[in-house]
Structure formats: structure tokens, C-alpha cells
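Note that chain A is present in both complexes that follow, paired respectively with chain B and with chain C.
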Partner chain A sequence: MGFAWYRHPGLVVGGAIALALMAIAALGFVWTPFDPTRLALPDRLQGPSALHWLGTDHLGRDTVARLMVGAGNSLKVGLLSVALGLVAGTALGTWAASRNGSLLDEAVMRTNDFVLAFPAVLTAVMMVHLIGPGAANAILAIAVFNVPVFARLARSAALQVRSRDFVLAARAAGLTETRIAIAHILPNMAGLLVVQATIQFAIAILAEAGLSYLGLGTQPPAPSWGRMLYEARTYMQTQPWLAIFPGAAIALTVLGFNLLGDGLRDLVDPRARRART
Partner chain B sequence: MLSFLARRLAGLAVTLLATALVVFVVLEILPGDPAAVILGVSATPETVAALRTEFGLDLPAPERFLRWVGGLLTGDLGTSYGYRVPVAQLIGERLQVTLPLAFAAILLATLVGVPLGMLAASRPRSLRDAGVMVFAQAGLALPDFWVGILLVLAFAIGLHWLPSGGFPGWDAGLGPALASLILPVIALALPQAAILARVTRSATLEALQEDWVRTARAKGLGAAATLYRHVLRNALVPVVTMLGVRFSFMIAGAIIIEDVFSLPGLGRLMFQAIGQHDIIVVKDLVVVFAALVVVINFLVDIAYGIVDPRLRRRA
Partner chain C sequence: MTGPLLVAEALVRRYPVGRGGLFTPAARVAAVDGVDFTVEPGVSLGIVGESGSGKSTLARLAMALERPDAGRILFRGEDLNALSASDLRRRRRHFQMVFQDPYGSLDPRLTVERIVAEPLTVAEPGFDRRARRERVLAILEAVGLPTAALHRYPHEFSGGQRQRVAIARALITEPALVVADEPVSALDVSVQAQVLNLLMDLKERRGLTYLFISHDLAVVEHVADRVMVMLRGRVVESGPAAVLFARPVHPYTRALVDALPDFDADPADHAAGAFRLGEPGAAEAGACPLADRCPRAKARCRAEMPMLRALADDRHVACFEPLG
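The block that comes next holds the complex of A and B.
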């Protein structure tokens, strides 16, 4: 039985956008039409042309080159912050589930609620201000908000899996709790975690853009989409496209990964699909 | 009901005290002396010490914590290190921008998102459903600050209909003040409307599966009447939850939108205070914000009871 692609338009479109972005970001590591940080003041604030496809900024830097390198930046921050949150959150959630109802479980879940109750942007801004701006600290600040998301998901999924017969059988066979968690519980919730990771990735891209807009993320002269938008504000009267392209790049990336996440969720959990249709 | 209220209020107090303690400890272990930051590199040790005494920074940490919390309880939020005015006054001024902004945005998001979600759910897999879902995906993907920039490009720079930023203050008259809030409200509301449309749609679809919907239809009630009289109320519980969460997020989370439109709101106050090491303002703002979150959650719980009488007994 083949996979009916036409039944999953969101998945196909989202997957295509995500793949294209990764290709562009990868290309940006080895080749860009111009050096993205090279200053060329005579060429400043040009509109789109055959030479500079999307024009140049206030320092004469090529927008295409900066968008390409910015893509790599965004994807890097998104990937690392979600990976950190995924690993830490899943470990925490699975651990809490193995001691369901204990004081530890309660403490982990209440801390989760506490972190989730605060607006991510505000706390991330505070954190980055405190530990200093920069891509690495932005990754850390965004990861902090991914931990409770994955901890909560992993805990509820682990609790469900733990009540199944094969876990009982594994325990009767003398497996340790750690072995059971790794060999039986993790594989059974991997699908859910991957879906959530895709959605969180889209959120992380937005968060990174916001942080670098405020000057707290990737530091100049390294290009980042958020900072490009900030710099474009000064020239909006005369050069509106400077404010249009980076925003469109952010929106397209978030759209792609959201569509991919929704599509994957439909595949992994057909029940959610029925509820959504 | 009284014991329920008492329990909720006790929980509320514990949450706020815990928040205050966490914020105090985190800011305590931070490097950087507010007095030294304010006076700059040319300050002598004597003037720094004098300013530290003025701010009460020379007292032991536990005493400072107790004084601060005691002040909070009596409504005395202390004096800003940077602005040299009472923090309560600063926050009060900023709330005059932030609260109307957040209220108007959540109202607009509700007025757009909830009807759209129901419209989509009333005929799943139709063209209108697809249209609403496309709107929702777009609303989720567009960064609100970019929407703000685009709105400025179109309506301030292009058409000259509205100001591109700044806030003249309510004293300047209702017209100019409201005009300066229109674009930020739309930018803030769009992603929220998208989220609400999705939540409303799935909640409505779920409610439509219930047996009593079939009963209502079987006894001859029309599709529209069933939707509004029976389904909507049941679908509202998750929608109200989402509204509560979103509203509290908007009060403090509008930092970037406030920056785009140069609005003197709470978010910008927070941003500036952190940058200037105005620790007392940061501490107070976090506690004020936590209080808002807790109070809004409390109101949401009460709203549940109004929307869904079944939840009243359980509470």
C-alpha cells in the first residue's frame, strides 16, 4: 500500500519548505553571491537588481547573502534549543512518571507549570540580559521554555505506556527501571516527541527572531533575520523592501515547520486527525 | 463557596511569595552593583557607598527581602534607582498604555477568532473551512512585530492614515491616543485570533460529536440554533482557558510590539530597567506580573462556572 501524498497537502508543502530552507542554509555555509558582512558604502540602499537580487542594506551588504547566512543562523538556534529542551525535558518527564505521585513528581510538575505560566518572551529577554547577549545564550534561554513542554508531554505519554502489559512483563523479567524507560517507554513515545519538536522548532525560530530584533540574539556583524528587520526600520520611508524580505523569510520558515508538524501529527495520531477534520 | 475562595486566596498568596523569593534570589546572585552602574566609571568609592546606603543596598539580604515584601504588602513598591520616582507611579503610568492595548487586542482577537473557528467547524472540509485554516496558519506564522512593521509601511508611511508610533498620552484627547493604538492592537491581535480560531474550531468539532447534539437535531432544532444554543457553550471552556493564558501573556509579552511602535508600556519599562540594572523595578514588575497571571487564572476559573454550570458543583 503506497503512501497517498495528495491526502496530506500540508505535510508535503511543509516538508518541501523545510527541505528547501535547509538546502539554502547549507549552501549559505559554502557559497553566497557576496560576502554577507563586506561593507560597500557606494552600493548602499539599492533596490533589487540583476546584480543584487534583493537589493542591499544601509552598509551596502547584499540582502540575498545575508538572508542565506541568516537562515543557517535561525535553523542552528532552533535546532539546538529544541534539542536541548527535548533531551532534558524527556529525561525529566520520564523520570517523574516512574515515580508517579511522589513528592519529586509533584515538584517537577509544579515547576513546569510555573515556567509555562510566564510569557516566554519576557523571561527570555530577562535571561539573556542577565547572562549576556549572543546566539549561545539565546539558545539557552529558548531551551529553558522547551524543557517543561517536553517534560509534560513525556510524563503523560510515559504514564500511559507504563500501564501497558509489556512493561509489566519487562518488570517481571527483572529489567531495571532505567532499562525499561530506554528500551520500552522511549520508543513508544518517540513519534509524539518528534511531532512536538517540529512545532517547538517553529516557535523557537520566532523567539530567536524576536530576541535578535531586540539585539539580544546573534550579534552583529553576523547576519540574523530579526536584526535585519530592526535595522530596516530606520530606512522604511525610502527602502521598504529591507523590512519585507527578512520578515517573509521568518514567516515562511515558521509556516513550513508548522505545516510539517501538523502533518506529522495527523500521521502519528490518526485520532487527532479525526478530531480536527 | 467560601472555603473554595479561601483555599484559592491562600494558594494565590503562596504563589506570589514564591515568585518574590525566586526573583529576589536570582537578582541577588547577579554580578553588577546598581549604584556603580548608575554613577558610571568615574564615580569614587565614597559616592558609590553613599548611593548604596540611600538605596538600602548595604543591609543584609534577608533584611532587604523582608523590607521589600513588607513594602509590597502595604503598596510601597520602592523607588526606582534610575528614574528616582516611586516604582508604583512608573508602573501606573505604563499600565495606562499596556492595559488598553492588551484588552483591545484580546477583544479584537476574540471577535475575529471565535466566529471564524465556529464558521469553519460548522462545515468541516468545505471551502470556508479551508479558508479559515489558511488564515490561521498565516496568522501563526507571521511574527507579530513584522505585521506591525508592515502595517506601519501601509497605513502610516503609505497612506498617512495613522501615526507610525509613539503615544501622545490620554491627556492629548481620546482620538489621538486611540489612533496611536490601532496599528499595535491589530499586530498583537492577529496571531491570537489565529490561535483562537484553531482552538474554537477543534472544540466545536468535538462538541458536535456529542449525543445531545443528535438529540437536539432529532427533536427538530435547526443546525444554526443547535450550534449557538448548545454547541457554543460547550466549546467555550477551552476557548476561555486559552483567552486567560493569552491575555496574561500579552500584558508583559508585548515588549517587541511596544518597541516597534515606540509605546511607553510595561514591556518596554521592563526592557529598559533590565538594561539599566534598575533591579527594584525588575523585581516589582515580575511580582506585579505574577499577580496579574494569578488573578486572571482565578477569573478564568470563575468564568468556567458561568460558561459551564457542571463545573460549578465540582469546584
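The block that comes next holds the complex of A and C.
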């Protein structure tokens, strides 16, 4: 009954990218080849070399060091914004499902539709304009458009789980509704939520890069991939690697988490599972 | 303990059909339409009827998992739906339920130990882990499951074994009443008999009383002391199991009894002598629920709803043209 890795190339590749990224970010916390914020104007705009593996930027800062710390920054923003959206959205969706068809359910879900009607990054940009730029506000803004995604998923999953007999059996055993939700409903929808969280994670990282590019996210001198892209735009013709490396980092990360999410979805989807066994 | 265990008084439960308009409520159909019954301690009641007759709704009403639109359900004299939510939860240890589908009624993410112990965590929250495990092991043994089942998950068991797990769960709080809604109909025929025998055995040894629901007369005949036959949400005949099966008075009961295979009779004779119903048509309001397919139906049957009346031998029937 072993797990056949070769049947899930996307899952394997995506998982490897995600793991590698986490390892790089973790290393970035304790060690980088250079201080990522140290200015060295004589060394500015160097191409890749033995000393600066991926070159230096317009202020002479080492690109490898900035990418490593930027990875940690991206992961932190992704993790916190998705976690916030997941917790709030799941609570809302499960709550709405427990009052299926009520006015409250309608109100929650129509508000969801309203938020979902706006493009995610646009919502985040508007939010940050309202509450002010900064890494913490970027996390909050990205979390806001994650909430309805999880609320909608959690509601439909909770409705499905609630219709199963074991929920009725738990009620017959005398459990309170809160305990039924925690002990039976949440664990049975956890798989779906984890899959969605992985995909939202990729979107969140992209959104953070976008916000930082616009100067609304992580503030300088803290390194972030989006900010690096922004600073590289003047040198696109002469020093293209300045844009290529952070751009590739963003693309690879988003690709990795999307592959991971799709692979996990195949694993969790009961129809796919039945087809394999 | 004196007095009846469970009493249903004029229970009505209606469900909406369709959605209705903005100002007009959805039309509603009565799944259970004025049902009375009494379950005395030690006298198991079987409820028989075809699908759609309201049996399962009745089971959920009896378990206070749904509220009736009218009528009351009394457990040991207390109106369950008049109790506060926490009082009702506290009473639940005394009446437990076995569900039809052992694939759906056990949470796939929990071990057998947690599934079986769950009602106990409500009934006796003070129990420590070890005492709880002792109780689980004792009840697993009583339903014929090995100790090794403790740490396994529902999907590792067959349908019959899962239903044993469900029975163990229902019995762990030592209830007086067990409501069993089609407990064997989802199982292979070869396994049905084993589970039925287990239920009968447990009834003897633990002094249980069942409210046993089935579409299968042969199954009810085994378990029930009294039988109630339902049709389209109403009771058409009730009485002691032996009398009812030997001499059914209502045409619907007769048709059910005649549909049972008789291994002593010549199959041809059995089929020729059988009482048969016509094809079901549309149910009409204010008519006998069987009027559309009863060969004995007269004009009155189509114009008036027959009420349940008492017969001499401790039974009741709702029919204008009962069989002699």
C-alpha cells in the first residue's frame, strides 16, 4: 500500500521547491554571505562572480543575501496572512453552515461574494492605501481577501460533513454543537482546507511581491523580492540579472506551492483516491 | 421503574416541499401524521413500513433529534422537547440509537475506542482514561469484537463489524431504550442474522427495550414483542407481534405478511393465495392512505380517513373494510 511517488510528479516537485525555500529562508535567519543591508557603493552593479554569486545591486548589496532574507520575509507574510484568513474564514463558514438558509447565513455569504468580486491584489492595494503601507498592514490586507475564499470552502465542506450520520450520532450521544464542530466537523474538512491553504499561500506571496513593488508592503531597507524587482527596473537594459533573480525566485515559489496544492488536492479528493486503490 | 418507558402522543412532523415564494410559505407534507404509541419496559416495539412511510422520521422524533410540529414525546414521563438543552443532553444516556448505515454513522477519523467511548464522555465526564478504557473493552467483548479493535479505524472493519461497533457505542452508557433504525438493512444477508442474534442476545442479557424500525417484516418478527405498521405517516395496524403476524386484519399488513416467503407451502399455492395490492397512485387528502391500491376499497375509503380503533385481542386497526 506504499505511496507511489512517481505517480505524483507535481507533488514531488512542488514539495521539493517548498522545502528548499523553507531551508533557504531558515538559513537566511542565521547566516547570509554578506549583510543584506550593508552599503558598498564601490561594489555596485556587479555581475555574478565568485565573491557575489548573483551579483550586487545599485547600492552594492549582495543579491544572494537579499534573496535569502527576502525568502524569509515572503514566507512570513504568506504564512501569517493565510493563517489569519484560514482561521477567520473557517470560523465564519462553519458558523454560517450551522445556520444554513438563515438570514445570517445569507448575510455572511453575500458579503463574501462582494469581497470576492474584487480582484485580490486590487483589494489589497486599496486596503493598504486606506490603512497605510508596511509589512504588517500588507499581511492584514492579504488576509482580508483570503477570508471569503476559506469561508466559502468551509461552509460547503461543513454542510457536507453535517449531513453525515455520525454528526447525528454525536448529537444523539449528547455532545454540544460546539463540541461536535471541534471533534467531528473540523477534522473531517481539514484535508480540503490544507489544500486550499497551500494554493492561497502562492497567491499571498505573489500579492506581497506586488505590494512591495508598489512600495506598499515591506519597507526598505528590509529586503523583499517585490522591492528588489522595483529597484531593478532602471537597470533592465544594462544589468538584467538584477530583475531576473528575484523574478525567478517569485515565479519558482508560486509554481512550487501551486504544484504542491494541486498534488495534495489529488491526494485528498476521494474520487481520485478510489481510482488509484 | 413503573410506568411506560416511552410515550408518543399525536406526533406530527411536516417537511417543506419546494421553496415557496417570498410571501407564501413552501407547501408542506406530513412525514409523520398523528402517531401515538407506548413502549413499556421490556416490551420491544417494532415499526414496519415501506420507504417513505415516516419510520425514520419517527425514530429521530423518538430520539428528540428533531422537534415535532405537534404532539409530545415522553421518556419516563418527561416531555423531552420541554427540557432545557443541557437537561436533554443529560437524559440522552438512557436512550441511545443504532443507525442504519454503519459506513456513515461512525466518524472515519476516530479510533474505535474514541467512537465507543464518546457517549460515556458526556454521561460520565469524571471517568479517568483507564476506567473508560475498561468500560470500552467490556462492551467490545459483549458485542463480539476483539480487544485489538480498540486502536483501529472504522474503514478497517466489515459492515457487520462496524455495526457491532455502533451497537457497542449505543450500549456503553447502559441505556434502558435503544432505538434501532433499520440496523441490518445495509448489511449482507449472511451477516444480518449474526447482528440480529447479537441484538436479541443483548436484549436478554442486559434487559434492553428496543424501538426497532425496519421495512422487513421477517426481521421485526424476530426482535419485536409488539408491532406497529405504518403507511404514509400514519399507523394502520398495531398489536402483539404473534397475533398480528398470524392474523393480519388490515389489508396492508396482510399484503406484507403474504409477501414473506413460506418455505413449508408449495410456491405456486403460496403465490396464488397471496393478498396483493395494486400499483400505488397519488395519495389523496382525506382518504384512506391505502385507498388507491387496495382491492377492497369502497367509496367510503376514498372519501374519509379511517381512524384507529381497538379490536378485541389487544390490537388496533385503521380500516373500514378489515379482513375477517
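Operating definition for what follows: the second predicted complex is superposed on the first by the 270 of 277 C-alpha atoms of A that agree within 3 Å, B and C clash if a C-alpha of one lies under 4 Å from a C-alpha of the other, contacts with A are read in each partner's own complex, and residues count from 1 in each chain.
Everything below uses one rule, namely that a residue touches a chain if its C-beta (ideal position, glycine included) is under 8 Å from a C-beta of that chain, and two chains touch if they have at least 3 such contacts.
Keep in mind that this is a model prediction, so the values were computed, not measured.
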Fit or clash between chain C and chain B when superposed on chain A: fit
If touched residues of chain A are counted for chain B and for chain C, the larger one: B
Computed vertex angle (chain A) for partners chain B and chain C, CA, steps of 10°: 100
First, second, both or neither for A:Asn188, with chain B first and chain C second: second
Which of chain B and chain C A:Pro133 touches, first, second, both or neither: neither
Partner chain(s) touched by A:Val125 [first = chain B, second = chain C, both, neither]: first
Touched partner set for A:Arg171, first chain B, second chain C, both or neither: second
Partner chain in contact with A:Gly60 - chain B first, chain C second, else both or neither: neither
Overlay on shared chain A, then closest C-alpha pair between chain B and chain C (Å): 14
Doubly contacted chain A residues - partners chain C and chain B: none
Parts of chain A lying in touch with chain C, wherever the complex brings them together: 164-166, 168-176, 184, 187-188
Chain A-facing residues of chain B, complex: 18, 26, 30, 124-125, 137-138, 140-143, 145-146, 149-150, 152-153, 157, 201-202, 205-206, 248-249, 252-253, 255-256, 259-260, 267, 270-271, 274-275, 282, 289-290, 293, 297
Footprint of chain B on chain A - complex, ascending: 114, 117-122, 125-126, 129-130, 202, 206, 209-210, 213-214, 229, 232-233, 236-237, 240, 243-244, 247, 250-252, 254-255, 258-259, 275-277
Contact set on chain C toward chain A in their complex: 60, 63, 65, 89-90, 92-93, 96-97, 99-101, 104-109, 118-119, 122-123, 166, 169
